[in-house]
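Each of the two complexes below includes chain A, the first together with chain B, the second together with chain C.
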Partner chain A sequence: MRRYVRIFREFFRACFVEELEYRSEFLGNLVSSFFGIGIAILTVNIFFYQTDQLGGWAYADVLVLLGVFNTLRGMIDFALRPNMPRLLEHVRRGTLDYILTKPVDSMFYVSFRHLVFWRLIDVLLGLGVIGYGLMVKRYIPSLFDVLIFLITIAASFVLIYSLWMMLMTTSFWVIRIDDLSFIFDSFFETARFPVGMYRGWMRVVLTYVLPAAVITNMPALSLLGKWNMATALIAVSLALVFLWLARRFWRFALRFYTSASS
Partner chain B sequence: MIHVKHLHKSFRVHARQAGWLEAVRSLWRREYRVVEAVKDISFTIEKGEIVGFLGPNGAGKTTTMKMLAGLLHPTSGEITVGGFVPFEQKAEFKKMMSLVMGQKSQLIWDIPPMETFLVNKAIYEIDDRMFRETLDELVELLELAPLLDKPTRSLSLGQRMRCELAAALLHRPQVLFLDEPTIGLDVHTQEKVRRFIVDYNREHETTILLTSHYMGDVTALCDRVMIINYGKLIYDGELTVLTEKLAPYKRLEVRFAKVPDVRWEDYGEVVEIEDGNVALRVAREKVAEVSAHFLQHFHVHDINIQDPPMEEVITRAFQEGLHDS
Partner chain C sequence: MIRKYIALLRMKYIEMLAYRLATLVWMTGAIVQPLITMAVWMNIDPSQSDAFLFYFMAVIFVERMTSAWDVWELDREIREGTFSNYIIRPLHPIHWAIAENVVYKVLFVAILAPIWAIAALFVPALRFDVTGGQALLFLAAVLLGAALRFLLSYICGLLGFWITKVTAVYGVLEAISLFLSGRIAPLSMLPPMLQQWSVFLPFRYMIGFPIDIVTGAANGHDMLQGFAIASIWVAVFIIALRWIWIAGLKKNQAVGG
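Right after this comes the complex of A and B.
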């Protein structure tokens, strides 16, 4: 475990150097991050000129939800988005061979080798919006709220990682699909709003089949003090089950790769 | 160091006829064909040997090498490398070997090679002192000093290849697999890389298996070659023996002041006769006798005895096979 922390630190350092190669990009991204969150807040405000409830959530609650969405997206863009599409390249160009000859867990390597650290700005902005939302609501979360929030958001991250990883692992078979990530993106976008906003079958699908809504709603509710232990536990166990599945699937795919590739 | 016994590898490939109708049909009905890429190969490589692995494209070289590196699962047969079974992919095994593929890069594109070296240092758990020492040595042997802090993308192909070699050797592997390490390099850089491989092998007794399309690589580096064709090992032995066996003649070129009127067929096979030049293919054991005869009896300006070019020898091996060996 300590060894993997050290390797992760080394990945982080190498990526930091890589980012500094493109300093102008950094500024551009800073501006676009602020712009993005600004537009999102504006949209929420426009909604609330017409109504004072969105899927059963009040203005301040939706702000917290938006903050959670932004935080989670920042985390995804920091660690997952730079890596997941690359797997396809590794398989296609054969550089996966180098990864497989390294004495390091290959799933770990392909998952975290590339980090785009300036995306952590989105995490900070998201946390800022959460803080703002709580201020509007005049609610100070208890230590326990925060703890449940941290657990559920971590579970959400693991769940997203596992789903995406499984999706990308299929690239061992379907290497001709150019970018499987867009499937993931459209799925994640639905997590921006309260799940109560969706009606009928959409809501059923987004709650139980593709739990995009749950991924952001649960951490937001936790911070607002509306959590319950059962759902938190379900979230954590769901995340662990999917992580386990993703790992099994990766192993299975590798066995296929090493017995069939040329 | 490397033991291979009755190694087989077959792939199931999707056989598809041309034409879009066939392509649509293959959506639900696929026909598979089994291709035997490697058929019953056995060999042993001792510690410190440099062995050249030759064969035309698609002969099974890379497949065999990938099985040795643990990237492919053999269909049947046994492999051990340094006492390990490669496809078990144990970390200890991975730490004692290294793979360099001339066509694929492991360096990080946008940043200097030194950063890749540091990442590898963490992955291979190389301690600081050993890392320093190994790096210093590699920097000197490969003349890397001016390259270390330039972004990889700005390096030339030859410079990049030298850095690839360094990245692969930082953990001091005992076994090195080189898959076409000089591909695309200019003659001067090829020479540099070859010299490095020889020096490094001598210094560290690293066992090296090398595939290449350039005959120059093989003649400069390997005493022993293995030739594989259609998945079968058709020759395993010394390079010089191979030459004698396949080419039991030498090329004798003589420039006469005046071409004598003799029956050239008595001396050897005529390659060409032009102006004052005569080129003959003479049996190995007769070369000395024939040239002495020419020098004694005729007025000779120049005489030149050559081994047939290696390319020619190997091409003949591929075409005719070596079934009698």
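Right after this comes the complex of A and C.
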């Protein structure tokens, strides 16, 4: 475990040095992040121009949810997204050989080797929106709320990582598509709003099959003080189950890797 | 010219077949956002569910018909220097892009129209009743919308001669158009100020305007005004495109090669 922390730190350093070469882009990225969150808040405002609740959530609650959403998306863009096209490339060219022969866990390596730092701005902005939402609501979360929030958002990240990893692993079979990440994006978009908003089978799917409900709604609810121990436990165990599944799937897929002729 | 186009269309058709799986997956990716927005609106005003269903299905259809991806292609080609391959050919590169758009959009119609027809058998909300004139106007509006979006995307792409972040510029425009084109909400649901803006900017004519014609939300005066403004924008874009093209070629310094 310590070794992996050290390796991650090394990835971190290497990518940071790489990123410093493109310092001039920082301002542009900053602007685009602010613009993105501004658009998202404007969208919520447009919806609330016509209503005062969305799936049972008030304006401030939806803002907190949006903050959670943005934070998690920032994390995805920081650590996971940059690696997806690279794995596809490795499989296509057969250069995955170099990774498999390294004395590091291959799943760890392919998912965290490349990091995009400026995306951490989105994480900060997300936290900012959470804070703003709480301010609008005039609610100060208790210590327990924050604790449960941290636990559930960690579970969300593990869940996202597992789903993402499973999608990425399919690149052993579907190498024709340049970038599979938008399939994940489509699903993740549904997590932007309260699950209670969806009806019928959509709600069932989003609660149990693709757990958008758990990923963003649970942390937001925790912070708003509407948590209970049972759901938090469900979130954590769900995350662990998905992580296990992703792990199994990766192992299974590796058996199909035949390397390209070199 | 016609012979050249036939050759281009055939070439693009074969290219498309090679990427048919990717095309389908991209298509499914494009329908999620309207569906989620639809769910939001249905939740806000359940009594209007059928109207929202029709509206957002129409958004998916029109959005596909007018979609434009040239800015990403141009950005990549100009940055990597492969755009030079097109510049030295005797035919203006825009014709390749036009041919590609035609081929893909015919495919979109061929897929979406039957789906709509079958869905309308089971879902009454999807049936619509238009006069022949309305249908023609709708088609004309979709064509105008497609032209507008294509031109805008191509212009942005050509800006790649000067700046490296054209996709970011286009992203900003897309985000603005999210509101003003009617994708986030039927324009009548927007605050009055945004509605006013939407009339004069080109975005509304890319998606919302054709739909308003079919649903009957636009009356004669609105339509006349809409077609006039959209045509003006097309003219402006064409002039801008020509100008940027000429200036861009002078600036071009094929990187890599």
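By definition in this document, the second predicted complex is superposed on the first by the 256 of 262 C-alpha atoms of A that agree within 3 Å, B and C clash if a C-alpha of one lies under 4 Å from a C-alpha of the other, contacts with A are read in each partner's own complex, and residues count from 1 in each chain.
Note that in this section a contact is a pair of C-beta atoms (placed from the backbone, for glycine too) under 8 Å apart; a residue touches a chain by one contact, two chains touch by 3 or more.
Every value quoted in this text rests on a predicted model; they were computed, and no experiment measured them.
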Mind checking chain B and chain C on superposed chain A, clash or fit?
-> fit
Return first, second, both or neither, reflecting whether A:G94 touches chain B, chain C, both chains, or no partner chain.
-> first
Contacts of A:K102 with chain B and chain C, given as first, second, both or neither = first
Note, angle between chain B and chain C viewed from the Cα centre of chain A, nearest 10 degrees, works out at 90
A:F47 contacts which: chain B (first), chain C (second), both, neither?
-> second
Which superposed partner A:S24 touches (first chain B, second chain C, both, neither) = neither
Report, in whole Å, the shortest distance between any C-alpha atom of chain B and any C-alpha atom of chain C after the two complexes are superposed.
-> 11
Set intersection of chain A contacts, chain C complex versus chain B complex = none
Considering the complex alone, what residue numbers of chain A touch chain B?
-> 3, 6-7, 9-11, 13-14, 17-18, 21-22, 93-95, 97-98, 100-104, 255, 258-262
In the complex with chain A, residue positions of chain C that touch it = 19, 21-22, 25-26, 28-29, 32-33, 36, 39-45, 165, 168, 171-172, 175, 178-179, 184-185, 189-191
Residues of chain A that touch chain C when the two form their complex | 25, 28, 32, 35-36, 39, 42-43, 46-47, 49-51, 54-55, 174, 176-178, 182-183, 185-187, 189-190, 192-193, 197-199, 202
Complex contact set, residues of chain B against chain A | 11-12, 37, 62-63, 66, 69-73, 87, 89, 91-92, 94-95, 97-99, 101, 103-106, 108, 110-111, 115-116, 118-119, 121-125, 151
